[in-house]
Amino acid sequence: MKRILTILAAAVLSAAPAAAQVRVLNGAGSTFGFPIYSKWFSEYHKAKPGLQINYASIGSGGGIRQFTEKTVDFGATDGPMTDEQIQKAGGDVLHLPTVLGGVVPIFNVPGVKDLRFDGAALAGIYLGKIAKWNDPLLVKLNPKAKLPDMPIMVVHRADGSGTTYCFVDYLSKVSPEWKKSVGLGTSVNWPVGMGGKGSEGVTGLVKQNPGAIGYVELIYALQNGLSYASVRNRAGLFVKGTLAGVTAAAAGAARTMPKDFRVSITNAPGRGSYPISTFTWLLVRRHGQDGKGVEIRDFLRWMLKHGEGEAAALGYAPLPGAVKARVAKVVETIQG
Amino acid sequence: MTPAAAPERTSSGARGLVPVPGPRERAGDRLFRLIVTGFALLTLATVAALAWQLTRGSLGTWRAFGASFLWGRTWDPVNDVFGALPFLYGTLVTSLIALLIAVPLGVGTAVFLTELAPRRLASAVGFAVELLAAVPSVILGLMGMYLLVPAVRFVEPSLERWLGFLPFFRGAAYGLGLLTAGLILSLMILPYVTAITRDVLATVPRSLKEALYALGATRWEVVRGVSLPYARPGILGAVFLALGRALGETMAVTMVIGNTPRISASLFSPGYSMAAVIANELAEAVSDAHLSALIAIGLTLLGVTIVVNGLARLLIYRLERPR
Amino acid sequence: MSGHPARRKRTNALMLGLTALCALLSASALFAILGYIAWKGASAVSWAFLTRLPVPVGETGGGIANSVLGSLEVVGLAALIGVPVGVLGGVYLAEYGRGRLAFWVRYAADVLNGVPSIVVGLFAYALIVLPMKRFSALSGSVALSVIMVPVVLRSTEDFLRLVPGTIREAALALGVPRWKVTLRVVLPSASRGILTGALLAVSRVAGETAPLIFTAFGNTFWGRGLLEPVATLPLTIYNYAISPYDDWHRQAWAAALVLMLFVLAVNLAARLWLRPRAAN
C-alpha cells in the first residue's frame, strides 16, 4: 500500500516541470475558433517563448460565463455578449473580432448535388412546414434538380452553440414566424428534427441518413465532402458560403460597424454577401491585472500583423482591411 | 460497485505485536474509532453537500415553476420555459430497455458460468465480461455511433413489419433514438448484473441442489427449481443497482439517443435523457434561468438515484437479515 | 419434474444451450470493442505520438505527451485523496458498521456511485474553481476522487469482512488494542483485496471526461503544477473528436487506443495481483 502511494506521489511531483519562469494566460470559449486559436497560440509561443497562452474550447456560453466569473484571463465567443451580461461582467469588456466564418446548409438527397434555398424555404423546413423534398416551394427554387418524394429529416445541434446562434439569427431576420414562435439563442426549442452532439454529430447524422438536412460551419462540409446549398442573399442572388462570400458580407457590414464591434452580419447587404455569416470575438478587459492586459495587447498586435494570414488555410475568412484597422486602434487602448 | 474479481479468503500471521496495558488502550481505541467514523461521515457529507449545492443552484427554477417543473413538457431556453418530463421519460424508458436486455443476458451468462462451464472457461469468460465495465463511456458512445446506429437503422423496418401492431415499434427508421440508447446502456450494465448474479448463485447450498439431483432432475431443472429461486432476492438487488448506474449514464447515451425533448410511444423515435441534457447544454447555458433549470434536472436525477438505490438497499437489507 | 423424459432432456439441452449463447454474446462484446478501437487507432500510434506535444492543425508530428502525463498527475492525485478516505471509511463499516449511521453511509456511497459524473464536475467547480478563481489540476483531482471514494469504500468493506474473525480474536486475546489489531493485522491481511479495489477505481476514473471539462480544463502545453490547468487524455480525445479535421480524428482514435490500453493494463494488473493467492 505504502509503496504504491510513494509511486503515485512521485508521479504527481514529476509531472510538474521545473521551469517555472514561463508566464501563462488562460482563455476559454468558442469551439468554432479553437483550431485557429490553438494555431496562433502555438506560433506565438515560438515567437515569444516566455509566454504560454492556453485555450480550452468549452463553448461560447461557457466562455462568457468563465470570463464573467474571472476564472480565465480572456474569453472567446461566436455570439456577442448582451448589455446585461456586460454589466454583470463589470462593464469593462472589449469585443475584438478575430476571424469570420459561414454556416452552410448541408444535405443528403440521393441524386442531387446542388441546391438553392431562400430564407422562407430554410425557415419552412426548420419549422416543420416543409416536410418533403419535392415540396412546391423547393421545386420552384430548384427547377433543374430532380427532387425526390422523400421526407426531410431535420438535424440541428443538441448542445448550445454559436453555430446555432448564427443560423437562427438569420432565420429570425428572414422569417417573422420563426422570430415569433422560436426566437434567438444558442439553444432553442426546435419545432422538429433531432439533435446531434456538436458539429461532428450533425455532420455524421446528415452523412448517414438519406433525406437529411443540417447546418454546420463551412469547414465541416469541406472536410467531410458533403454537398452544401447556396442561399439567396438580401440582394436576391444565390451565394455559396465560401470564404469569398463571407468576406463580402463582412465588408458590407464594415461600413455600419458599431464602435464596440458587436454586430450581426447575417443577411448582410451587398451582391456577393453570403447571408449566414458571423464574426467570432475575443473578450478582453480594457484594464487588465498583473500585466496580463499588456500581454494580451501584445498578442493581439501580433495576431493582426501575422496571424490573420493563416486564417484561410484553416477555412476561416480573415478580417477585411477596414475592420482590421479599427480593431488595431482599439487594441492600443488596452492597459494594465 | 465495480464488479471485482471474486474476493478470496486471506490469512496472515500476526506480526510485530506488542501488548499494551489497559487504560491507554481504551483512549487509543476511541480515537481510532472517531477517526474512521469521521472518514465514513465524509461520504455522507459529500452527498449532503452535493444535494445542497444542487438545491441552492436550482432555487430559481423551483420558484418559477414549483413542482410542475417535473411534469412540464416544454423545454424552451429562448423564452425560459422549462419542464423536465421528456427527460424523465427518456431516462426511464432507456433504462427499462437496458434492463429488459441485460438482465436475461446477464443471468443466463451467470448460470452458464456457475453451473455448466469448466472452471478455466468460466474464469476466462467471466473476466471478459467484467472488463466490459472498464471501457470508458466515451469510447462506447463512439462505437454506438459508428456501428450500432447503422445496424439499428437496418433492423428497424423489419421490426416494424413483425411487431408494428404495437405502438412501440413504429415510425421512421433513423437508427438514433430510445432503442439504440437502451442497447448501449444494456452493454454497460451487463457486467454488473452478471457479476452479482454469479456471486449470488455461488452461495446456493450444495445440499439443496444434490437433493434434487438425487430425485433424477436434469441440470436445467435444478437451476430452475433451486438455484434461481434461492438467488432471486440477490438478483433483484443486482437489478436495482444496475438501474442506478443506467440512470446516470451520460456520454454514451447522448451520442445515440437523438437529443430531442419529445415524448412518444415509439422506441424508434429520438428522445432525451436527464444526464444527456445536462451534458449538452450546461456549457452553453448563458441565461441564469437556463442554468438553474439544468441544475434542477441534476437535483431531480439525484432524487431518482436516491430512491432507486434506497429500494436496492431495502431488498438487500431484507435479504441479509433472515440468513 | 413431470413430463416425458425425452422432452425433459430436450428442454434441458435447449435451455443450457441458451445460457451458453448468452455467455458467448456477453464475452464477444468486449472483443468487438477492443478490435474496433485497435483497428481505428493503431495506425497513428507511434513513439513520437506518445512523447511529443500537440501541434496545431495542418502540421504533422504532433503527440499527446502532455495529456498522458497530465492524466497520470490528475488521476494520481485523485487516488492520493480518494483511496485513504475510501479505505478508512471502509474500515469503519467493516469494524464498527452495524448501526443506523452505517446504513446511511452505505446508502450514501451507493447514491454517490450513481450520480452522473458531470454533476460531480459541477460540484467540484463550485467547491474549488470558483473560490480559487482558477481552473486547476487540483480541482480535477478532487472531482475524480469523489467518484473513487464509494468504489474504494465498498470494496474495502467487502474484503475486510473476509478476514477470518479468528485472527482478530487471537490478537485481541493477546491484549493488543483494537486499533492496532485493525491497522497491523486486519488491514494487512486484506491489503491485496483493498489494492485491487483501489486500482479498479483508478481504472474507472481514468476514462472520465465530463467531470474534467470545468475543472482540469485542458492545456496545449505541459502542465505547470497542481494549481494550473492541465491536459488529460479523455478531454483531449473529446476535443479532437469534435473538431472538423481528419488528422485530429486520427489522433483522437489513437489516443482512445492509448487510454483503453492503460485502463485495461490497470484492470489486468489488479485482477492478476489477486489471483496467485487464490491458487494457494
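Lettered A, B and C in written order, each chain numbered from 1.
Here, a contact is a pair of C-beta atoms (placed from the backbone, for glycine too) under 8 Å apart; a residue touches a chain by one contact, two chains touch by 3 or more.
Given the structure is predicted, the values throughout are model-derived calculations rather than measurements.
Which label fits the chain touch graph of this model best, line, ring, star, complete or other?
If you draw each chain as a dot and join those that touch, every dot ends up joined to every other.
Between B-C and A-C, name the chain pair that shares the greater number of C-beta pairs in contact.
B-C is joined by more C-beta pairs in contact.
Counting only Cα atoms for the centres, state how far subunit A is from subunit C in Å.
36
Please report how many Å separate the Cα centroid of subunit B from that of subunit C, as a whole number.
16
Specify, in ascending order, the residues of subunit C that touch 2 or more different other chains.
Within subunit C, residues 213-214, 241 contact more than one other chain.
Could you list which residues of subunit B touch at least two other chains?
Residues 283 of subunit B each touch two or more of the other chains.
So which stretches of subunit A touch two or more other chains?
In subunit A, 58, 62, 197, 201 touch at least two other chains.
For the complex, which residues does subunit C have touching subunit A?
For this pair, the touching residues of subunit C are 54-58, 69-70, 72-73, 76-77, 79-80, 83, 129-130, 133-135, 191, 194-195, 198, 213-214, 217-226, 228-229, 239, 241-246.
In their complex, what parts of subunit B are in touch with subunit C?
Of all residues in subunit B, those touching subunit C are 1-2, 4-5, 7-12, 14-21, 24-25, 28-29, 31-33, 35-37, 39-44, 46-47, 49-50, 53-54, 57, 104-109, 111-113, 115-117, 125, 127-129, 131-132, 134-140, 142-143, 147, 187, 190, 194, 215-221, 223-225, 241, 244-245, 247-251, 274-275, 278-279, 282-283, 295, 298, 301-302, 305-306, 308-310, 312-313, 317.
What part of subunit B is in contact with subunit A in the complex they form?
Answer in residue numbers: 74-79, 81, 145, 149-150, 153, 172, 174-176, 254-255, 258-260, 270, 276, 280-281, 283-286, 290.
Considering the complex alone, what residue numbers of subunit C touch subunit B?
Listed in rising order, the residues of subunit C that touch subunit B are 1, 8-9, 11-12, 15-16, 18-23, 25-27, 29-33, 36-37, 84-85, 88-89, 91-93, 95-97, 101-120, 122-123, 126-127, 146, 149-151, 153-155, 158-159, 162-164, 167, 170-171, 174-180, 182-185, 188-190, 192-193, 196-197, 200-201, 203-204, 206-210, 213-214, 234, 237-238, 241, 256, 259-260, 263-264, 267, 270-271, 274-275, 277-278.
Show which residues of subunit A lie in contact with subunit B when the two form their complex.
Going through subunit A, the ones touching subunit B are 58-62, 64-65, 85, 151, 153, 158-161, 182-190, 193-197, 201, 204-205, 208-209.
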